[in-house]
Every structure is written in structure tokens, then in C-alpha cells.
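Below, each structure is written out as C-alpha cells.
One chain, chain A, links the two complexes that follow: it is found with chain B in the first and with chain C in the second.
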Partner chain A sequence: MKKIISFPHIGQYYHPIKKFVKRTTNIKTIESPFITKKTIELGSKYSPDSACVPFKYNLGNYIETLENGANILLQAGGGCRYRYYAEVQETILKDLGYDFKFIQIIGKDHLRINEIFNIFKELNPKLSKIYFIHELLSTLLYIKYLDDIDELIRHRIGFEVYKNSFIKLKNDFLNELDNTGGIFKLTYLYMKYEHKLKKIKIKKPKNTLKVGIIGELYTAMEPFCTYELEKMLAQYNIEIKRFTNLTYLLWKKALLRPYIKRKTKKYCKYTLGADGLDNVYRVLWLKKHNYDGIIHTKPTGCTPEIGAIPIIMRAASDNKMPIIFLSFDEQTSSEGMKTRIEAFYDLLNTRKEKIK
Partner chain B sequence: MIIILTVGIPRGLLYYRYETLWKEFFNNLNVKYIISDNSNFKILKDGKNKCIDEACLSLKLFIGHVISLKDKCDCIFIPRIYSLEKTEQVCTNFNCLYDLIHNLFPDLKIINYNIDVKRKNTEIKAFINLGKQLGFNKKDTIKAYKMAKEKENIKQTYIQNSAEHKLSSNKKKILLLGHPYNLNDNLIGKTVSNYLSKNNIEIIYSYELPKKYINEYYKKISPKVHWTMNKELLSAFMYYKDKVDGVIVLTAFPCGPDSLTNEMILRKKGKSKVLLLTFEELSSDVAVITRLESFIDMIEGCVYA
Partner chain C sequence: MNGYLGVDIGSISTKAVVIDDNKKIIASSYIWTEGNPIKAVKKVLNNIKEQLEDKNICIIGVGTTGSARKLIGTMIGANSIKNEITAHAIGTLSLHKNVRTIIEIGGQDSKIILLEDGIVTDYAMNTLCAAGTGSFLSSQSKRLGVNVEDFGTIALESKHPTNVAARCTVFAESDLVHKIQMGYKKEDIIAGLCYSVASNYLNNVAKGKKIKSPIIFQGGVSKNIGVKKAFEQILKEKIITDENGHLMGALGSAILSMNNKLKEPFSFKISDSNFETNAQECNKCPNHCEIIIVKKDGKKLDAWGNRCDNGKIAT
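The block that comes next holds the complex of A and B.
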């Protein structure tokens, strides 16, 4: 039987992940079909009821990709419930009668290059360590550049003069990076596109609203899950700052931890689990940089965030920052959220005029 | 140095796990302590109003207990736990418990300790720190801790022996599976255990599992589980499942770790009979009793069939 590797979606990161897996294992790699209503319907049908939404999206992704012929599935892991996803999902899929191999890349709560290398070595016995490390570095760089470009776009996309000019540029960027191997060439391409991006015409009024998005990682990175919240905000001409991306989770978070702990001393003595403390810090950061409001997103029942929300609330009210809490579950109708965002937008606008 | 007259211990969450240890420790140091009353509907209501909606029932009850204690004592004792074993974690509610209470009640004085074995903050270090906050020197604290730990071990051995003894009884036996803070709570577990003992059924609690089996039996059902407390539950399930007539799984809604481990239990239970009871902020226990009734009927019916 021909081997086909697949993995679930999270935002646009399927580009670097696919490139990495394909180049290191030499096995055909497909990403799961794009998330649609059907994905989440399938996922929630077979998931335990009170599991969090990312679990259901992942499971839906797996089922769809297994139907497409994949037979090796990859899953990562981290803090909170995410680390245990792999085993439960494997059990559920096996019970559904699929035949596949399930691989969890990060099984413990830390990243070790050796452990990951051994996993890929099993898939591709010819893999040399130097080549693997080169690919790993180039992928990490890819992820970093992708996040950087995203960050730049997020500041500008609400004010573009010609519609879709940013999305078009990003697609070109992804296409070229997918087909480039070398680290230096990647850097060159990034610089080229950064230059191009800064030249795209924008029309930015002087007093625009600036909003920060904080919260749990999956809802921050997967646009389908939050009904394309960022797009919706862009339509209101709001400048967006989002903290969580893969770059942040992979290395920035660990580096920043002592600093964040020092800065949030007033509210917290210890870390809160997962991204809890980071979110408390972000409230203070957004205040310091004169942002107008905060949007907090999380899946329903996300335990670390539930523990952190009362603390975030206090930090926000101490600093007089307007904040809205959005909880997402497997429902796919966006009208309710649109109303709330509209009301929040009006509130921010009136507040801004009052201060002026 | 602040002289602390009375320490308040909320009757919730970790209290049920460390009851003996804490009580003996404070006794040995001659520190006066009070423990909040058994959970009641007023406590639940207070906790519910103070906490956000989505928090789990046990956390709401805990906050209710803190509210009921806060005017009766000088400070409240809330420990923080990150990891009890090197590669494992506990539910994130225990990670943030101290900071959560501290931010909900900014004026409240809290004494606490921090166990994080992964970062080398062991239990004894934590207790030394606690003794320091109470104004005792290292030597006295260590002595008090060691004596308390001994008492705890004696009590645990006693409980575990009695569980083995219970297994040989002639009555119908049911395993109550759940976190100790749910099983022993007046509003959650007591409803079930009272009803079962009224119906002449021997109850075995999941926390009565002998310690030597904890690190062994869970591997048969889920080798990758990384929550220390849920690992104990899975081990208890695997050890007792063939030795009892039925298993009742008690969960507070919406428990994060339980939501996934219960799925594993239900999928790998084999032929044993499992009833999953999820507790919410109910104001009456009629619905629970109905389900228990039919479960008992099923167990007894199976024998005669």
C-alpha cells in the first residue's frame, strides 16, 4: 500500500508543515481538505460532548483526509488538553474502522530535536541528520517569515485601496516559498516581498481604531473557527494586533516568560497554565501602546482561559480597557457574533470621540 | 512577622486529597484552623455569582467555600500545584487557583505553598515555605511535616486495607469513580453514596486504590495520559472493573481532563457496566436518583438472568 501522510489544519501553516514533511520523508503528503461546515459536523458527531472545539475540528479533518486516502496521520501536542488529543483521537478513529498509523510528534511537554528526528527517521530510513536540521531550520524560518508578513498585513489590510491586493501578494509569497529550499534564498524572497508589501497603496485615516486580539491559540490562528473575525474587523477599518502565532508558541513564549512574570507581578504570583499569564500581560501591553479595545477569544470550556479570565477582567478594569469575551463552539452561524462585534465597535467609537 | 491566629481551609478541591496532612501539620505546629461547613445550596449560589459561568462546578463550590470563610478567619490557605510528578501535569485549575482567588478577593490574606516537581519545588520545600509564612523556623516545620506525613501514610494504608476487605463482601459492589473532591462533596457525591448505601450496596471509592497499583494499571487503557489525578482514576478503573458489579463515573460539568479520559473509559470498558453521571448546578437530586434506580435494577437483574 502506498503511504500518504496527512495532518489537520491550523490557519495557513499547512504550507510550511507540508513542505517540511514532504522534503524530509519523501512520502506523498496531502493536507486535509479545507475546513467547511461538514468538517465540524463530522468532528462533533464522533467527539465527546464536552471536549473543546479544536478537538472536534481536528477529528473532522482526520476523517475527511482518511476518506481521501491518507494512512499516516500526524498530531502535535502541548500543554493543557492538547497533549492528550492524540491518543483519544486515535482510539475514536480506530473504533470507526479506519486503518492508519498515528504519530504524535510532541508527546512530552518539551521540544527535543533528537526525538523528532527519530520519528522522521522511522518514516524515511535514508534521512541524514544534517539534512534534517537544515530542513528544520528552513521551516522554522519559513514560519517566522509567514508570521512577519501576516503581522504587516494585519496592520494594513483594513485600509487597502484596491480590494484583495494584500491577499494576492500573500498567495504569491506562499507559492514562491513553497518551492524554495535554501535558507538564504528564503531570506532574499522575504525581503523582496516585504518591500513589495510596503509599496502597496493604503489609505489610512488619522484616528483609526486599534484593537488587540488575545486568547486561546486555536481560535486565534484558525480563521474558520472564529467566523473570520479578523476579516470582519478589517471591514470596519480597524487595525488589528494579534499575539499568538506559531513563532510565538515555538520559541518566543519560552524566551519571554521571565519578563512576563516580572511585568504581571501585581496580578499573578505564578504561571496560570497554557497561555493564561501571557494574556494577562497582553492586556497591560495593549494599554501601554494606546490600543482602544481588546477582543478575547476562546473555545467553550477552555480550562486555562477560564481560570485566567477573572484576572484578565481585573487587569482590564484597572487599566480602563474595554474588553469583550467571545466563546466559540461548533455552531457555524456568525450572525450572533456580528451583532456583538458591531456593538463593541460602536462602543469603541463613542469612547474615542468622548476622550477627544 | 505577622502573627496568624486562625487559618481558614475551604472544604473543596485539594482539601479532600490532603485532609490528614494539612490537619496534622497545623495541629503539630499548634496553629488554630477552621474548616468551612459541608457544601450547601447557599455556598453553591455564592460561588456561582462570583465566578464566571463556564467554570466547573467544583471550582464554583470552592469559591463559595472561600466566601463563607472569609470573615471568620485571619487568612485562607490555598496551595498551588503545577506538577506532582516530573513529566506529568494536573488540571490547570490548580495552576491558577491561588492567583484566581487573589484577584477575585484582592483584600483577602492568603497563605499558600507551591508544588512544582518539574521545576524542583518538592512537597517538603513547599511546606518549609508554608511554615515560614506562619512564622516558624525550618526545624520545627520539617518535624511537623514529617509527623503529619507519617499520620497520612498510616491513614492511607488503613483506607486501602479496608477497600480490599470490602471486595470480599457478599453484597453487590459498586465502584464510585471520580475525583475525591467530587465523591466526598455534600452536593455531588454524597447524593449518590447515600442512596447506594441505603440500598444495601457496598461502595468502593476510586481513591482507595492501593498506591502500588497507580503506576501500573493505567497503561492498559491509556499509556499517554499526563494528568496525575486522572491517571489515578484510570488505574482504579482498570484494577476494579472486573472485581465489582458496576462502575459509576462521577464528573462535574464541564471538567476538562475528565471529558477526554471518560471517553477512553467508555470506549474501552469492555463488558463491565458503566454509568456516567455528570453533575451540574442542580437544585434537586431527583433526576440523579432516577438514573441510579435503573442502574441498580440493571445490576441486580443481570445476576438473576
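The block that comes next holds the complex of A and C.
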């Protein structure tokens, strides 16, 4: 049987992940079909009801990609319930009667390159360590450039003069990066597109509303899950700051931890698990940088964030930052969310006018 | 004279007001939605029309709010379609300038709005559960064989309110049945229910928020003096209710329409037109968006519900 590798979706990161897996293993790699309502229906049908919603999206992704012929599935892991995803999902899928191999790449808290190399060496016995490290670095760089471009776009997309000009540019950018091997070529391409991006016409009034998005990682990075929250904010001409992205999670987070711990001393004695502490820090950061409001997103029942919310509320009210909390699961209605966002926009707008 | 129409189409009731240039209510109507917002709005418009018959008023702005705001807004050509939170805040502020907290309990949702110096600083809506809303009270009134309108006065007669488990609608109901079978007095149970609505609201919707007076209590449930008393007992603050408390959303949307610069004369003839809604599934990808098409006399007026441009329907 021909081997086909696949993995679940999270935002647009399937581009670098697919490229990395394909080039290191030499095995056909496909991404799961794009998330639709069918994905989440399948996922919730076979998941425990109390599982958090990313679990259900992931499972739906797996089922759809298995139907498309994939037989090797990849999963990562993290510092919360995410750590159990791999085992539970594997069991559920095996119980459903699918035949496949399940590989968890990151099982522990820290990334250990040797362990990951051994996993890929098993898939591709000819893989040399130097080539692997080169690919790993180039993928990390790819992810970093993707996040950097996203960051630049997030500040501008609400004010574009010609509709879809940023999305078009980003698609071209991803296309070129997908077909580039060398690290230097990647950097060159990034610079080229950064230059192009900064030339795209925008009409940005001086006193625009600025909103920070904080919260759990999946709801931050997967737009489908939050009914395209960022797009909705852009339609209201709001400038967006989002902290969580893969670059942050892969290495920035660990580097920043001692600093964040020091900065949040007033509120937290210990770390809160997952991104809890980071989110408390972000409230203070957003205040310092004159943002107008904060939107906190999480899946319903996300334990680390539930632990962090009272502290975040306290930090926000101490600093007089308006904040709303949005919870998402497979039953959340988009209408209810639209009402809350619209009201939040009105709140920020009248507040800003009053201060002026 | 110029007038502005505000319509608030909620899950249970539909409210409409007409205000003049001084934000004074000159006509109002309040009826049950009965699961058919289009019919309810036609009825409300006819009501208003009758009240305005001998006055010389030209309506030049229409605002809608409530859960059916988009549908009805499209239908009657509103120049302001705004969410309930903003509408309630603006409506209330026009009557009570220094309000700090608005407690609103409606048929299916409840919300809290905190204000400071005349601007909204924080708000919350109930998320998962309908416990402690109007529909819960009205379904329990049927079980007890009492009119929901009489709930408040009966509750006031009670000297020892029964403790009713308030966390969840279903459990509250089974606890209620249990209490009835145990032989508790009806007025004590009703007072207990009113108390449970208030404590449920404070524990779920107002969770973690600082409630400061003046506090204004609105929405259909505010007509229930039993709940008002329960709030006063728990919060140990005076609770203000308004005889027009149920109209605040409609009033707010009328004011919002007045503030909007784009104005268009409105004619009551619209209630003679035939409106239809159609749900259609888009089959262009596995997402199967449900698209709602609104038709006026057989002509497409607007369509929504598609998540991407592929499902766009030309109107």
C-alpha cells in the first residue's frame, strides 16, 4: 500500500508543515480537506461531548483525510488537555475501523530535535541529520516569515483601498515559499514581499480603534473556529494585534517566560499552565501600548484559560481596559457572537469619542 | 412634525415606539411575537398607525433592534440596525442620565450593562442557559396554574420563600415539582422562584461584575415585583423600574435612527405588502451554508447566511 501522510489544520500553517514533511520523508503528503461544517459535525459525532472544541475539529480533519486515502497521521501536543489528544484520537479512530499509523511528534513539554529526527528517520531511513536540520531551520524560518507577514497584514487589512489586495498578496507569497528550498532564498522572498506589502494602498484614519486578541491558541489561530473574528473586526476598520502564533509557541514563549513572570508579579505567583500567564501579561502590554480594548477567546471548558480569566478581569479593571470574553464550541451561534462584537465596537467607539 | 420609529423584535415580544424630536414617546405598542416576527411587526405597525391617526406626524427614520433586527430592518427599510446592548443603553440613558447599572431580563436572554459617565464600560449576556429568564418563569407559571402576570403580587404575600435550586432550568423544575409534592404553599414557591431568578442572574450573567447604584431593572421580567424585591434583598440597594421599562430597546433604536444622518420617509403602507422568507442551502462546498432570502411581493430584497462569496445571491 502506498504511504500517504496527513495532519489536521490550524490556520494556514499547513503550508510550512506540508513542505517540511514532504521534503524530509519523501512520502506523499496531503493536508486534510479544508474545515467546513461537515468537519465539525463528524468530529463532534465521534468525540466525547465534554472534549474541548479543537479536539473535535482535529478528529473531523482526521476522518475526512482518512477518507481521502491518508494512512499516516501526525499530531503534536502541548501543556494542557492537548497532551492527551493523540492517544484518545488514535483510539477513537481505531475503534471506528480505520487502518493507519499514528505518530505524535511533540509529546513532551520541550522540543527535542533528536527525538523528532528519530521519528522522521523511521519514516525515511535515507534521511541524513544535516539535511533534516537544514529543513527544520528552513521550516522554522518559513513559519516566522508567515507570522511576520500576517502581523503586518493585521495592522493594515481593515483599511485596504482595493478589496482582497492583501489576501491576494499573501497567497502569492505562500505559493513562492512553498516552492523554495534554501534558507537564503526564503529570506530574499520575504524581503521582496514585505516591500510589496508596504506599498499596497491603505486609507488609515489617524485615530483608529486598536484591539488586542488574547486567549487560547487554537481559537486564536484557526479562523473557522471563531467565525472569522479577525475578518469581522477588519470590516469594522479595527487594527488588530494578536500575540499567539506558531513562532510564539515554538520558541518565543520559552524565551520570554522569565520576563513575563517578573512583569506579572503583581497578579500571579506561579505560571498558570498553557498560555494563562502570557494572557495576563498581554493585558498589561496592551494597556501600555494604548490599545482600546481586548477580546479574549477560548473553547468552552478550556481549563487553563478558565483559571486565568478572573486574574485577567482583575488586571483589565485595574487598568480600565474594556474586555470581552468569548467562548466557542460546536454549538456557538455566529449571530450571538456578532451581537457581542457589534456591542463591543459601539462601546469602544463611544468611549474613544468621549476621551477625545 | 417629524417622528422616528423604533422597533424591538425579541424572541417573546415585539415592541415599537414613535418619538418626536424631543425624544418623547408619542405612541407605543407591545405584543407577543408568537414565533412569527413578520406578522408581529405588521400588527405592531397597524397599532402604531391607529394611535397616530389624528396627529400630523411624518416618520422620517426607522431603527430596529432585537434578535430579528436584520430581517425586520431589511423588511421595513430601517436606517439603523443595531444590537440590543447599544439600543438599551441609549434608550435608558435618554431617561436616566446617571444610571450605572442596567439589569435586563427578557424572554430568552438576560444581560447586564455597566455604565460610567453616560458611556457603556462593560456588558455581558447569558451564554449557555435560559435559567432565570422570562420563558422559564412563564413555563413554571403554567405548571402552577397561575397567570405569569400575577406572579409578582402572589410572591409578595409570602413570608417564608422556599429555596428553589436555581442553577439550571431543568433541575429548578424538578426541584419545584418536589417542593409542590412536599406540600409547600404556592406563594412560598412562587416567591422562591422569583428569588432563584435573581440569584441565578447574579451568579451567571453578572458574575464578577461590580454592580453600582443607581440600578435600573428592565425587560419583561421587570414587570414582576417579586423579582424586583428579590434583587433588592440580595443587593441591598434600591432598584429602579420604569413603567416604560419594556420599551427601552425600541426607544433606543428610535434615537439611534434619529442620530443617523441618512433619513428616508417611512410609510405604513409597508404592512400591506407581502413578505416571504426562504431558506436555501448552498451546495457549492461541504459547508452547506444556509442562505436566507427575503422577498417582498415576490421580489428579492436581500439575502444572507453565506460564509464566502461563492454563496452570494444577487438581489
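Observations on the structure shown:
Convention: the second predicted complex is superposed on the first by the 354 of 356 C-alpha atoms of A that agree within 3 Å, B and C clash if a C-alpha of one lies under 4 Å from a C-alpha of the other, contacts with A are read in each partner's own complex, and residues count from 1 in each chain.
One rule holds for everything that comes next: contacts are C-beta pairs under 8 Å (C-beta built on N, C-alpha and C of every residue); 3 or more make two chains touch, one makes a residue touch a chain.
All figures in this text were calculated on a predicted structure; none of them were measured in a lab.
Between chain B and chain C, the partner in contact with more residues of chain A is B. In the overlay built on the shared chain, the residue A:K252 is in contact with neither chain B nor chain C.
In the superposed pair of complexes, A:S327 makes contact with chain B and with chain C alike. Residue contacts after overlaying the shared chain place A:H134 against neither chain B nor chain C.
Of the two partner chains placed by superposition, only chain B is touched by A:S50; chain C is not.
In the superposed pair of complexes, A:K263 makes contact with neither chain B nor chain C.
In the superposition on chain A, A:T303 makes contact with chain B only, not with chain C.
Touch criterion met: A:K354 reaches chain C, while chain B stays clear of it. By the touch criterion stated above, A:G276 is placed in contact with chain B alone, chain C being left untouched.
Once the two complexes are laid over each other on the shared chain, residue contacts for A:T91 go to chain B alone; chain C is not touched.
In the superposition on chain A, the residues of chain A contacted by chain B and by chain C overlap at 300, 310, 327. The residues of chain A lying in touch with chain B in their complex are 48-52, 55, 79-81, 83-88, 91-92, 95, 104, 107-109, 267-274, 276, 300-301, 303-304, 306-311, 314, 327. Touching chain A in their complex are the following residues of chain C: 67, 82-86, 117-123, 125, 127-128, 208, 210, 285-289, 307. Taken in their complex, chain B has these residues touching chain A: 51-52, 54-56, 80, 82, 87, 89, 91-93, 95-100, 102-104, 106, 114, 222-227, 253-257, 259-264, 267-268, 278. On chain A, the positions that touch chain C within their shared complex are 33, 36-39, 228, 300, 310, 313, 317, 322-324, 327, 335-336, 339-340, 342-343, 346-347, 350-351, 354.
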